[in-house]
Amino acid sequence: MSRLSSSPRISSGLGVAGAALLAVAVLVALAAPLIAPWPPMQIDLRARFTPPAWEAHGVLRHLLGTDNLGRDIASRIVWGARISLGVGVAASLLGAAIGGTLGLCAGYFGRGVDAAISWLIDVQLAFPFTLFALFLLAVFGGGPGPVVVVLALATWVNYARVVRAQVMALRGQDFILAARAVGVPSGRILLRYLLPAVAPAMVVVGSFSAAQAILTQAALSFLGVGVDPSSPSWGAMLDLGRSYILSAWWMATFPGVTIALVVLGANLLGDWLREWLDPLAVSRR
Amino acid sequence: MSDTTLPSLKPSPRRATSPLRSRALRARVSHALAVLFGVSLLTFLVAHATGDPVTLLLPANAPEATRIALAHHLGLDQPLPVQYGLFLLHALQGDFGRSFLYGQPVAPLVLQTLPATLELAAAAFCIALLVGLPLGVLSASRGGVASAALQLLSMLGLAMPAFWLGLMLVLVFAVQLHLLPVDSSGGVSHLVLPALTLSLLSLARISRLVRSGMQEILDRDFIRTARARGLPEWRVVWVHGLRNVLVPVVTMAGMELGDLLSSAVVVEVVFAWPGIGRLSVEALGARDFPLLQGTVFIAGLGFVLINLLADILCARIDPRIASGATSSGSIAP
Amino acid sequence: MSTHLVDVSGLDVRFGATHAVRDFSLAVAQGESVGLVGESGSGKSAALLALLGLHPEARVQVSARTLRVGGTDLLSATGPQLRDLRGGVAGLIFQDPLAALNPLLTVGAQVSEVLRRHRRLPARAARQEAAALLALVGITDAQARLGHYPHEFSGGMRQRVMIATALAGQPRLLLADEPTTALDVSVQSEIVRLILRLRAERGMGLLWVTHDLALMAGIVDRVVVMYAGRVMETAPVDALYGRPRHPYTQTLLASLPRLDRPHRPRAALPAEATAPGHGAQTGCPFAPRCPRRFSACDTLPPLFTDGATQAACWLLA
C-alpha cells in the first residue's frame, strides 16, 4: 500500500510568508528614494558609529545606526536592495536563458549534443565556485556586468539539469511524437511544445537560483570583487562591517539579517512553488 | 530485550565481479578524466585571456629582443593548441608556473596551504554528516513538532551567508562569552568556530536530503516487511531505511565536500585561516594570475577525485549500481 | 482464552475518510486454512495488515471488539509483544517480493535477521539455518545464494526467499497477501504448491488473501468473501462452490470461466454506482449491483447462519 495521504512538506502559509518577504524587498528596492531617510552615500563624520536607536547613545534619526563614515545603515540597506536584488535577478534570468537553452537542446537532441552539454555541466560543477569566480573576476575585472555574468555561470547549471531531465521524460510522450510525425520542425517543437511544458519547473529553479545568486554576490563583495566596494550593496556593507565587528556590531549585523531574510523568502517560495506548480521536479531533479 | 545483541548486517564477501573492476567503474573513471580535461582547458583559456604574461613579467623598458626571447622561452610564440598542450604537459608534471607574488613555483605554494583548508573542510564535513544525518532520520521517523522545527532551522541555515554567520559566532562566543578563541593559531578549539560556520550550510542540506529521502523510503513495502518480521523499530529505521537513503546522500556528500572547499574561501578570510582561500584572495589582490590558476586547477582536480571516490562508494552500498541493474532505490532530493 | 489462532470481531479500519474495513469478523483455528477473497478495494489487505498491527497509527485508525492473533491481544499489546507476534507467531508473505524485500541487503541477511530476532541464533548458526531454509523453499546452491541481493533472483525465486523469511521465525500462522499475483503464470502454481507443502509439513494455520476465487478450490478449508469492507459470506470451500448463498458470491462464481462449460456466457457485474469505501452504509453495500435486491436491502443485513455457512443477506432470513 503506497502513501495514503501525501502530507505537503511545506505548508502554504510558509510559502505565502516567503512570497511576502520577497514582495516587501522588491517594493523597498523600487521605492528606495521615497523610503530611505538619508541619501545612501551621505557622509556625516560627526555622527559616525552611531548605534541603533534602542541602544544607549542611539538616535531615532539613524534607526539602525551609522557606519564608520556616518552613513545611515538603514538607508544603505534600502538602496542596497536595488543592487543586490537587481544583480541577483539579472544573474538568475541570464542563467535561465543559458541553462534553459542548453537543457532543452540536451534533452531533445540527446546523443552527442547531450553528451557535450552534460560534459559542460560537469566541468562547471567541478570548479569550487567561489575560487573560480575570484579567478574570472580577477581576469575580466569587476563591475555589475561581469558580476552578473559570473553569477549566471553559477546558476545556469541548475536550469540545465532540471530542464534536461524533464525534456527527456517529455520527449517520448505522444504529443511530441505526434508533432514530429506530422513534420513540425525541431525549433518549433522546442519553443512551442517543450518550453511551455518546462516553464513551471524553470520558475521553481529561478526562485532558488535568485537566492543562490544573492548569497554568492554577497560573498564576492565580501572578498572584494563585488559590484563596486563604495556602492551600498549588502555584501560590501558586510565586508566593511567585518573590520568594525568588535566596536560597531550593527554595521555587519543588519545587512546580514537582510540577506538572510530575502534568501529565506526566496527559498520558502521556491519550496512552495515546487510542490504546487511542479510535482515532477520533486521526483526528478 | 536482546535487540541490542543484533550486530549490524555486513554485506557478504564479494563475488566474482568486484565493483572496482566493473564496466560501470571504468565509465566513471573515463568520465572523471573527461571532466578534468574540461577543467584544464577552461583554466587555460581564462588564464590566456589575462593577456601577455611577458608584459607582466618584464619591466616596461625591457628591450624587444628580451621580450621575444622570453616569449619564446615560455612557448608563447607557439599556436594556441600547442600552448595548451604545453600547459597540460607541465601541469601533469606538477608545474603550474611561478607565482608573481612569492616568486616561487605555484604547486608547492598551493600544496603547503592545502592541508589547512582540507582540515577545515574535513572538520566541517564531519559535523555536517554526524549531525545532519541523525537529524534528518529522526525528523523523518518521528515527525511532529521536532520535524517542523528542524525544517525551519535548516531553512535558516540555507539562508544565512556563511561568512556573516562566522562573524556573528565570533561576536557571541569569542567576544561576548569569551568561550572560544577567534584566531586560528593551532589547537582543536581554534577549529571549532570556523568548522561550525562552514558546516552549517551542508548540515542543512544533508539533513533535508536525508529527511525527504527517509520519508519516501519509510513508505516503501520493504519497510513494512521489516516491521512484519518483528524487528525493533531502530533496526527498521537505521538499517533497513537508512541504507536505502545512503546512495543519494553519498553522492551529494561528494558534491558537498566540493562546495565546502569553495565556501571555505570566505570562511578562511573571516577567521584568518591560512588555507588556499586566503592564498587566493592574496593572489587576487596582487593580480597573481599563475597562483590563481594553479589554485583553481588543483581545487578542481580535488573535486573530481572526491566525486569519483563517492561514485565508487555508492557502487559498494548499492550492488545494483555496480551490476548496471536499474536503480529503483535511488531517490531525488 | 481463545483456542483460535485468529480471533477477530468488530474490526474497523479507516484511512482518513475512507472506511476500508467495517465490522469485520474472522476466526482461524489452529492448523486451519482460510481464504479471504474480495475485489481490489474490498478491504481484504487492510484487514490482513490489521492482524499484525502493521497500519501506521498516524494515518490509519484501527478499532475492534476483539483482535487476537496467536494469543496476543493486539488491542493492548506492548511493543515487544507485538514484535514477538510479527514474524514469530505469524509469518507474512507479500504480493510483490521485489518491492517487499530490501534491495540493499543480501537475502542471507534478510533471512538471518528473522532467525536472530525470533530464534535467538548467533550469527554463524543463523547463517547455516538461513541456507537450510533457502534449500527448504527450493533454492538450489543455497549456501552461495546467501550473499546475493534480491535483484539477482528471478520473480519466482524472490518469492521463495520471501517465504523463507516468513518461515524463519517458525510461525504457527502463515499470512499470505496475494502471494502469486505478481508472478508469471508459469511459476504461480509452483509457489502455491510450495506454500501448501510447507503448511502441511509444519501444521501451520494459513490465511490466504486473494482476489481469485477460483484459486481457493483445493487450497483452503474455508472461504471468507468480502465486499466493500464487510464479510458477505463465509463457508467451507465445498459448500461455497456447490451452493453459494450470497448473491455476490453467486455472481463471482458465475463470472469465472469454466472448463466444463466453455461456451456458456459469463455473467458480468453491473458497474459500481459508488465507491464502496466511502460514506455511511445504511443498507446492504452490494444492493446497488445486486440482481436480487428487494425492499429489505435498504437495511444492513446481519450474518445469517445456514448450516456451516454464514451470509449477510436478507434472502437467508
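When the chains are written out, they are named A, B and C in that same order, and each has its own residue count from 1.
Rule of thumb we're sticking to: a contact is a pair of C-beta atoms (placed from the backbone, for glycine too) under 8 Å apart; a residue touches a chain by one contact, two chains touch by 3 or more.
Predicted model only: the values in this text are computed from it and were never measured.
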- prompt: If you count the contact pairs for each chain pair, which pair has the most?
  reply: A-B
- prompt: So which chain is the furthest away from chain B, centre to centre on CA atoms?
  reply: C
Field: Whole-Å gap between the CA centroids of chain B and chain C
entry: 50
Averaged-CA centre spacing for the pair chain B and chain A, given as whole angstrom: 22
Task: Round to the nearest whole Å and give the separation of the Cα centres of chain A and chain C.
output: 54
- prompt: Out of chain B, which residues touch more than one other chain, so two or more?
  reply: 224
- prompt: Which residues does chain C have that touch at least 2 chains other than itself?
  reply: 49
- request: List, in ascending order, every residue of chain A touching at least 2 other chains.
  value: 1
Message: For the complex, give me every residue of chain A touching chain B.
response: 1-3, 9-10, 119-120, 122-123, 125-132, 134-136, 138-140, 211, 215, 218-219, 222-225, 235, 238, 241-242, 245-246, 249, 252-253, 255-256, 259-261, 263-264, 267-268, 282-285
- prompt: What residues of chain B sit close enough to touch chain C in their complex?
  reply: 1-3, 6-7, 9, 11-13, 15, 143, 220-222, 224-233, 235, 239-240, 243-244, 317-320, 323, 325, 328-329
Message: With touch defined as at the start, can you tell me which chain B residues reach chain A in the complex?
response: 31, 34-36, 38-39, 42-43, 46-47, 49-50, 151, 155-156, 158-165, 167-168, 170-171, 175, 212, 215, 219, 224, 255, 258-259, 261-263, 265-266, 269-270, 276-277, 280-281, 283-285, 287, 289, 292-293, 295-296, 299-300, 303-304, 307, 332-333
- line: So, in the complex, the side of chain C touching chain B is made of residues 49, 52, 54, 58, 79-80, 82-88, 92, 94, 96, 99-106, 108-109, 112-114, 116-118, 120, 123, 146-149, 151-152, 162, 165, 169
